[in-house]
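Below is one structure. I have some questions about it.
Labels A, B, C, D and E are assigned to the chains in the order they are written; within every chain, residues are numbered from 1.
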Amino acid sequence: MFIAKVIGNVVATQKNAKFRGMKLLLVQPYISREGKLQISGSSVVAVDSVGAGIGECVLFTQGSSARLTPATKDAPVDAVIVGIVDALEVEGRLLEKP
Amino acid sequence: MFIAKVIGNVVATQKNAKFRGMKLLLVQPYISREGKLQISGSSVVAVDSVGAGIGECVLFTQGSSARLTPATKDAPVDAVIVGIVDALEVEGRLLEKP
Amino acid sequence: MFIAKVIGNVVATQKNAKFRGMKLLLVQPYISREGKLQISGSSVVAVDSVGAGIGECVLFTQGSSARLTPATKDAPVDAVIVGIVDALEVEGRLLEKP
Amino acid sequence: MFIAKVIGNVVATQKNAKFRGMKLLLVQPYISREGKLQISGSSVVAVDSVGAGIGECVLFTQGSSARLTPATKDAPVDAVIVGIVDALEVEGRLLEKP
Amino acid sequence: MFIAKVIGNVVATQKNAKFRGMKLLLVQPYISREGKLQISGSSVVAVDSVGAGIGECVLFTQGSSARLTPATKDAPVDAVIVGIVDALEVEGRLLEKP
């Protein structure tokens, strides 16, 4: 899984039938540089399965495992948000609501 | 999933039997840089399952999940277009027909 | 899928039993830069399932979907050539036999 | 699999039901440069299935195979720690407790 | 698949039960630059299924397909060595025992 920040959402009317009712969020993964977490350049679209919102730090899963939540079962999706991160402890430092 | 721009199409006569009748589009994923979406350098060939056209902004799925649309069932494909993006809201800004 | 140029082949005598009789080709994916396709630096070994030859531009599939051709069924392979590209149309320009 | 250093842990209260009781560790993969192992910039969140701790060098598995441990069965996870590395022998040099 | 050089091995006592008896090798993928194969910076840990040794050039498979050898069946592994490369022919040049 990767940690990411929710930066936006995606609206699509013409789409695969399995996507009806899905909330599609744009997330940016964090990378770690010299002990600090930084936003990376890539943008992934992930289905929300936990009630995440813009600006929150989330945990998302990719690949075939992304189909193993109630929100994504049997759908052609490859990324799903599976948790909202309350805190991170990195190299002994605690980051709350990162 | 990733957001991408459709930049071209691919013609192949000699191919796996499952590819007959498939529309193969060349797409370029977007990345996010300083709050703006930019075209990246990589080019992916994705099967169209939603009636996408050149120049449109689309959503595509990769990996085993790419086989879960009516257009790609049981075929040796690893990328499929699953939606046409009407609008994106990124960092509070609305981008229509991106 | 990715578009790639076939640049060589691989000979291996000591190998998994499922690889007997398989043609293993070395391919280099193309990337798109400023509207032009260029060869990238990575080299992938893909099983040929369509009769491709050195110098040809091909389409290849990766991941679990690579096992869905008659040539690769149930084999421990993660890349297979599924088509020979006759033409590409990129940003309105037609490239024949790219 | 990749070798990585465990650098932190992740706390999430609002999450997919399958994640209850899972220990989520933040790991940084090593890369090899001029015969030496160095920490790379990316950060992956992996489920611990072997009792790993902060600072340890571990082996982790990604993709669908990450669901094949007792700790991760049928869960929407894409990375799991499967071993604690006691020693590495690289280019003839032995690195204990790397 | 990728071509790689075997550069070391990994010792882990505390590990998933399926890893007992597995030989874990550290391999570095080759990339192609200006017609020459060069070692890249990444290091992958792959299970040996063909009797490979340090210094040899091998072919390895990643993802779910890595579980399709007798040595790796149903195990949480994502990379396996499936062949030892005797020769490569790249851009018309033959490289024996690369």
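Operating definition for what follows: a residue touches a chain if its C-beta (ideal position, glycine included) is under 8 Å from a C-beta of that chain, and two chains touch if they have at least 3 such contacts.
Every value quoted in this text rests on a predicted model; they were computed, and no experiment measured them.
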Proportion of interface numbers common to chain B and chain C (over half same, under half different): different
Distance from the mean Cα position of chain B to that of chain A, given in whole angstrom: 20
Where chain B and chain E are represented by their mean Cα positions, the distance between them in whole Å: 32
Touching two or more other chains - residues of chain E: 63-64, 66-67
Cyclic ordering of chains (reference chain A, direction chain B): A, B, C, E, D
Chain D residues within the chain A interface of the complex: 7-16, 18-19, 24, 26, 28, 41-46, 63-64, 66-67, 74-79
Complex interface listing, chain E residues touching chain C: 1-3, 30-33, 37, 49-51, 59, 61-69, 80, 82-91
